[in-house]
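Each of the next two complexes has chain A plus one other chain: chain B in the first, chain C in the second.
Moving on, here comes the complex of A and B:
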């Protein structure tokens, strides 16, 4: 099995290379044809036109776009992601600083969203053909129709302002110091042995993760339900009933095990969307992640950051996709046999 | 549902509520610390690198400036104990304090002053202060506590710039030791607070600098949460998760201010909302420009968008600043607007048409003001197309002389000096000016080299008046800063909108 998975992973990595190249070309060309001047953005406001022109040449912006792209790609392959025109510092450092917070938030969002989705899917299937199912169905549509940033504001209002039980700014309370080891706050609090800070960080993560996760749940609910409906047409379910197993046992032991595979694929796709959704959620909850950096970059037309963050999103989505495919292979013996 | 399951669920719910409720972070103040919800972060912790008005209070917490401004915007000694601009404006002699130490305990010296304003600029680093001090030839060190700035052209506003954006003293030895990148990661200054934690776009934690040379801050620990979303800032201060915030919508200030534990303020500051104009295209006709100006009801704009707190302006200088012209008023007069348009052959049947650029969200209610202006002009038969531009694009368009006839803009000038208002906005050689005509540009250029303060200020007052009367600029309102704070938190209100943690204390 390990060899099969290794082969699949290798193949998917090879396919990822042209995908990344295509995305990088797309990103680069689109950003270059926008009516903005990165040179003008990287000089002081009172710089003269001659100084801007000098900067333009320094940045290679006077060259044809294909040549600019090749230079950028060459630098990228050497590990040089360029210099931010707004922050005037290396882009790689900025992305490396902010990426862990976004990954942490997205993973937590996915855990919450996936958990909600799975529980919701099971519940709605359990109550199939009843009024409860109809009510739950309306509920999922309602949840789906609200974008994650509106959920963010709603959750903030309810849990932060009205009930005042959950914090919604930043990652830690003012009286606590942030440990810095890996950049992953939850992990760092554990590494440095600070359980109080760990719990506090977890509290701060609940609302943003919920805002992200809630939007991810409804599609999972719907796919799991329809997948369960299909599975329940199979002979082994009837045989399980004939063996006298309880409905709950059939659902959890036999139905779910077989219906989970399409749901897992969907969760992979959802994770990609969820990662993109961090942009606004991070702004609203003052979360120091890559989404916040991206909004800064867009506001300041900081092309090197936009390009790098865009590519990083792409890499993350590809990595998740490869991981999900591997999991699929582990869970589905039929695929391994092929 | 079985009774047993129900009881189990209730027990679980109660336990969960206890855990969550009991361990929820406490937001109350302890008398020694303050939490602030601030709308933007610093571009980097190199204070000489980037000009960003909203970052000034953050920089001023960590770094000191050679000259300081008090709450009434008077220039007062800070790191410089005294200074004097030469009559010809070609040099500025100064003395520094001898009791100032950086956060690492090393004393501040003349070398640090020379390094900040001369050596860093001369080294060719990409710093915004390089443009400010481009006329600086050298800083001569005369003694351990005195020296001279030597300029190659008259620089009459050198003292003002020493109290303005980017002019923060950094430690030479430390910066050379750790490098610029190292400094940005672990910055030290001579200011009232040390940075003990910084996470970009999220939070800054300051702790009091116990060896501070100046007035010791009352607050020991300041947590600045960077909260960009105005709704989140409102929620933060309403829920007690922040004790103070700024730049929230006016209606929210009114709502929150009515709550017993909160105070809401709408404070006029040294920021001007104006229309920057071209002198060509549809605006090559002075009658048209003046008609456009006469048709604007500034009082109505102030009432509608700033609760009446924004002062209507007739010159590009707020009341109380040196360039303000007392008693001069450009009237709101629809009949006069119609007359001027008719004199140039325009009427509602043959309307004058132009384009106005505006940002949406760069300053409070910008887009709404633009839409209101379009409606006001419609009353006298002026047809305007709105073009929404990004703030970042504004500079680019202005530099390339590509802005349309009018641009709604907000101009910040913490010093209040007229050079940094009218001078910059009407100097045809500067990229800030949309107006490129010889007049009043030539007069402004002369004032840039005028070393005598009284003559310079009188000159700017006259230019301000003339610029409005000829339609070279259209000042609208003195901008306001909205602020909401815990009723027990005191702070010093500065005329330029600075909100400094060092000035805060609890009742």
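Moving on, here comes the complex of A and C:
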């Protein structure tokens, strides 16, 4: 059984390769077509045209675009992500320091959003055909109709400014030392045994993660409810009642275990979007992640960073979808039967 | 004290407009160790009885009167927890659709474990108990089965698992709701034997709900026949079968083709059973509208169940007149078909191999659905193809219509090979061969009106709308539907009407050969009888031939001139229907025929202990 799952997951990884290649070509070509000249930006402002031309040749920009692409791809495969034209340091290092923060934020957002969605879905199903359901429904639609950056501002205003119970800038209070082991703050504070810093970091994460995850919840709520309603039409639910099982047991063991499957495929899509959403949220909450790096890079037309960060986003989205798909395989025995 | 006793039980749909009765004043009882059959067509209220016992009535329905007692306890007024404590322990249920009654994401073991712990088996012992229970129902390798998921098992195996779960607590009462309807006949026979064995071993009382009067007569001690929520007749199985005292029981018997003796006609009940709305407006006998014996007295007041013999009641004013209902004459097969001359359709060594899985390297996995089928179909002949699921009978039909391409052999129609996908072959085949699919529910586009559905062929040929409307009306008249139904959507029709529309579509441009894949299954017997006679009449008018694919042997015996018996992709026996069924030559045909319940209750071959009440 585990062997077949491993095989199917492997297949998903193989399919991811052409996807990545396609995205890398798209990214590269678009950035080359843009009317910016990286060579001109890499020389001092008083450089002559000849010096710019020499720089261009040095950077390989005189070659045809397909050839440039292949060189870039070759470098990537060798682990060379290029040098930032603005910071003058390796792109790999820059991404490596900011990526864990973004992953941490995204995962937290998924946990909050997914948790909210699942609990909401169960609750609204449990209260079906009552007034409570109607009230919950209104709430869901309200949440759905606000875009996440407005949620970010709203949460910041209410919990950060008016009530002042949660911090809303950065990853950590400035007076605390930041341990660096893996780059994942929550993990590092645990490893080095600093519970106070851990709690502080967690507090810092709540508002941005909430802003990120909240809009993922309403669709999950709706899909979970409707698939629970469908599942409850099935004979095995009726049969479970006829065997005298309690309603709670029927809901959690028989209803939810089946209804979770369509919900899970939705979550795969949602979490992909959510990863892209980190960019905006990071900026609003001044959260030092990959999103802020990307915005700086765009402002400075720092092509190597834009390319690498863009590709990293793509890898992350693919990883999320492979993870969700694998989970789907584990939970749905029918797909494994081959 | 009876084990289960219903007294004047009434259930109704409660709306603002008032109560719509679904069950009216039902009284019956089940004694320990005995079997009660509840028989009726859909809408009669059979499953409403199970739902009342379980107190899982559909939304809006509630018990409006009477009582229901199990071992003296009031099932209706009981607290939900107390009822839950009874279910799965004292009262067990076997469902209709075994494949969907098991949770698809849990293994058999997980579900057995849940059930065993629920009925109080200790955690350390559940495995041994589960294995013992699965061996009791004659399942091979019970230990290995525990790790399997339901979709890895066949329908018959799933039903055995459910039976094992039902009997593991040694229940006092077992309620089986059409437990074999979804299964093949040979499996049905084995499952019924199994239930009978376990019942005998443990002294369990059984309520057996079915639409099949013959099956009920074979295994039950008493039978209650329901009609539109009312008890029509209730009495000892044998007496009720041999001398029915309610016209409905008699009509039900005569609506089903006989398996033995000379072919007889099918009694056609007109119209349909009244629904909830119609019943509410009725003042007389609910069956009167369709009853061949009804007169004005029947419409005046509802007859109460009256004693006609010891332990035998019938709700009819003149129960003794029932015997006068006679079957119509048999259909005239000889006149319509000719086996002489050149055959219309010839299948020559036809075979189909499916690729079940392709590999990058190495040979693909193959499945041979049809090995080598050879048969001839003559002008105007109805040819039955019988066999169990997986025998290849549907594949054969799909090959003839061109939905699949044969991997070997030839299909000759009117001297032309139609086993290929050339454009001219396709056009020729479309003109001469049509198919009617099994499930009209999914075969008819729910978003199109009936007129558009049945004239689809003309639409494709570019025939003007006005002409199509005319043809639609003609077709509706032929299949016995009102002209107004042209504007209906399929969802507004009943199951039988949908199947007629399904047939009308295939006959829009009358084909030479009609392939009908299980078109009479899943219909009530009275609707089925109407449909079979419709097919015979249409043949008389249009003279087409038909490949009639069915698992129902009695229907094939009634309808078809010749028959081919299929097993595992092979035609094992072919011949004139009556001869094959009377003197089966192949062992498989013999097994198949032995699995069908006999026409009359063979009560003496079964052990019916105790006196009839």
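Everything that follows uses one rule, which is that the second predicted complex is superposed on the first by the 326 of 338 C-alpha atoms of A that agree within 3 Å, B and C clash if a C-alpha of one lies under 4 Å from a C-alpha of the other, contacts with A are read in each partner's own complex, and residues count from 1 in each chain.
The definition used in the following text is that a contact is a pair of C-beta atoms (placed from the backbone, for glycine too) under 8 Å apart; a residue touches a chain by one contact, two chains touch by 3 or more.
All of these numbers come straight from a predicted model, not from anything done at the bench.
After alignment on the shared chain A, the placement of chain B and chain C results in a side-by-side fit free of clashes. Once the two complexes are laid over each other on the shared chain, residue contacts for A:33 go to neither chain B nor chain C. When the two complexes are overlaid on their common chain A, residue A:50 makes contact with neither chain B nor chain C.
In the superposition on chain A, A:170 contacts chain B only, with no contact to chain C. Touch criterion not met for A:3: it reaches neither chain B nor chain C. Taking Cα centres throughout, chain A sits at the apex of an angle toward chain B and chain C that amounts to 160 degrees, reported as a multiple of 10.
Of the two partner chains placed around the shared chain by superposition, chain B is the only one that A:292 touches, whereas chain C remains out of contact.
In the superposition on chain A, A:14 makes contact with neither chain B nor chain C. By the document's definition of touching, of the two partners only chain C reaches A:235; chain B does not. Contacts of A:77 after superposition: neither chain B nor chain C is touched.
Nearest C-alpha atoms belonging to chain B and chain C sit 19 Å apart in the superposition, given in whole angstrom. No residue of chain A touches both chain B in one complex and chain C in the other. On chain B, the positions that touch chain A within their shared complex are 20-21, 23-27, 33, 35, 37, 43-44, 49-51, 126-128, 130-132, 181, 184, 196-197, 199-203, 205, 221, 223, 225-229, 231-232, 235-236, 238-242, 390-393, 395-396, 399-400, 424, 430-432. Those residues of chain C that touch chain A in the shared complex are 54, 56, 83-89, 92-93, 95-97, 100-107, 114-115, 118, 149, 151-152, 162, 165, 357.
Chain contact summary for the complex, chain A toward chain B: residues 35-37, 40-49, 52, 86-90, 93-94, 97-98, 101, 153, 156-157, 160-161, 164-175, 177-178, 199-200, 203-204, 283-288, 292-293, 295-296, 299-301. Of all residues in chain A, those touching chain C in their complex are 234-236, 238-246, 253-254, 257-258, 261, 331-334, 337-338.
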